[in-house]
């Protein structure tokens, strides 16, 4: 994994504040576990209202939390006063989201001046054991002169 | 657009029943507008709890409804007694989900025996006018001997 | 399909000149069939040296020509004096590249100021009949102040 | 990285034989560096005929070698007598392919019975130093009853 220098000393506070201002993250019950320069982890407890017809967490929810984890990994490297936009994301669902909770980990692969490319993994945690359930990639764009809030 | 022959005469009822059994689609307030052989449309009213920090519908929600629309487009072509699994999806968010509601349209591009590849578009509807806000692709897998419910 | 206004009246000449300056396109024998505002078509004759172990055109070659077709569809909408860079592309190979030649068609879905998102399809032509063999998506970036050559 | 058990004791010979039977890999001058259970590395020397208009290796070539590296990573885990097909691949080009040679490394993330999902990275090697130039994901399908040659 690359070693990134944050361009904003307050990156952690800025990311947490942005996460807390997303109604949808609250609506599904996601929580921000950690943010470090170029990396972010989000946790989501299993809830019946988040499932598809077989009782597993819906693939769209898996996509939403890993999109957020990768987006905040990117945002942790942004300059002060900027915001970050998801350009695109792609995920492979490799196992059902079957567990007590899901953990989504996003990590920057390459931080350019305008675009940041990140990779992500989602794990289902069951009886304390993690099973890989999705791998993802995201391209995010830094809007240098548009604050996040 | 290709012209597809359904392999299950009851495809529409089967798709509707599957959609109705997905708690997450109800949780976000999505509704199934239509399903025809190889195509599916899902509608989602704008709700404050579905938004990100700027008041637009969260990209993860956009992904969830287009993943579902493409998955049900694929499922409309499945044989009786089978179910369909999302293998992967990818979306480009090309404009904010800004409107009274979103419409997600999925359409099968190629239906193989095991895998079905679909394309999708999401539009934001504002004052009756549609604006493209996402384009997507999905690979789905037919599980021939595993019923949907 | 959207109707695009070119921002460079000489877009066709600029695209052709750029295509002609790509040694790799010549190396595989690809030719530029047409370019219109927001769309581009590339043709590739079947050659033994372009194949994989089963005699079909290699998936990497299919990716190369559709990446180029989408990139030039994007470039047709760029301002004078700029160049275009592929940020990412994704393709689904839905049938073998089996035919006398392949046709790759790229089309812009959304042209922003910095990023252009395009979709593409590749067809294998055999006995005059086209079979879809790949669907693709691309994100391209306009480098406004960096000429193409 | 996961630890994979090969299902074919002769996996290395089978992968090398398949690679050697791909005319396109020879046409661009790619060579198979190594194959271990679930991983594969391919090397490509810089050649003028592989470039785009700025003298860097064409993005389509970068896609071709990482598609192959991921496909052979998947193939290393296949049962005897089977072959592997690329279902889809996606790559982000994060830096120009600028160097004396490129190295493409593919690695299986999850090996299912029918589908294998792999991740890949391409590095440009210049003066002995590696620079990340692409990240990729691939879905491959095992054709259990169709030999590779």
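By letter and in written order, the chains are A, B, C and D; residue numbering begins at 1 in each of them.
Heads up, the rule we're going with is that a residue touches a chain if its C-beta (ideal position, glycine included) is under 8 Å from a C-beta of that chain, and two chains touch if they have at least 3 such contacts.
All values reported here derive from a predicted model rather than from experimental measurement.
Peer 1: Would you identify the chain whose Cα-based centre sits farthest away from the centre of chain A?
Peer 2: C
Peer 1: Hey, which pair has more contacts between C-betas, A-C or A-D?
Peer 2: A-D
Peer 1: Whole-Å distance, chain A centre to chain C centre, using C-alpha means?
Peer 2: 32
Peer 1: Between chain A and chain B, what is the gap in Å from one C-alpha centre to the other?
Peer 2: Each chain's C-alpha centroid was found; their separation is 22 Å.
Peer 1: Cα centroid separation between chain A and chain D, in whole Å?
Peer 2: 28
Peer 1: Send over the residues of chain C in touch with two or more other chains.
Peer 2: Counting only residues that touch two or more other chains, chain C contributes 87-88, 90, 92, 117, 139.
Peer 1: Touching chain C in the complex: which residues of chain D?
Peer 2: Touch residues, chain D against chain C: 18, 21-27, 48-53, 58-61, 63-65, 67-68, 85-93, 148-149.
Peer 1: Where on chain C is chain B touching in the complex?
Peer 2: Interface residues on chain C, with respect to chain B: 90, 92, 94-95, 109-110, 112, 117, 119, 132, 135, 137, 139.
Peer 1: Enumerate the contact residues on chain D facing chain B in the complex.
Peer 2: 87-88, 90, 114-115, 117, 139, 141
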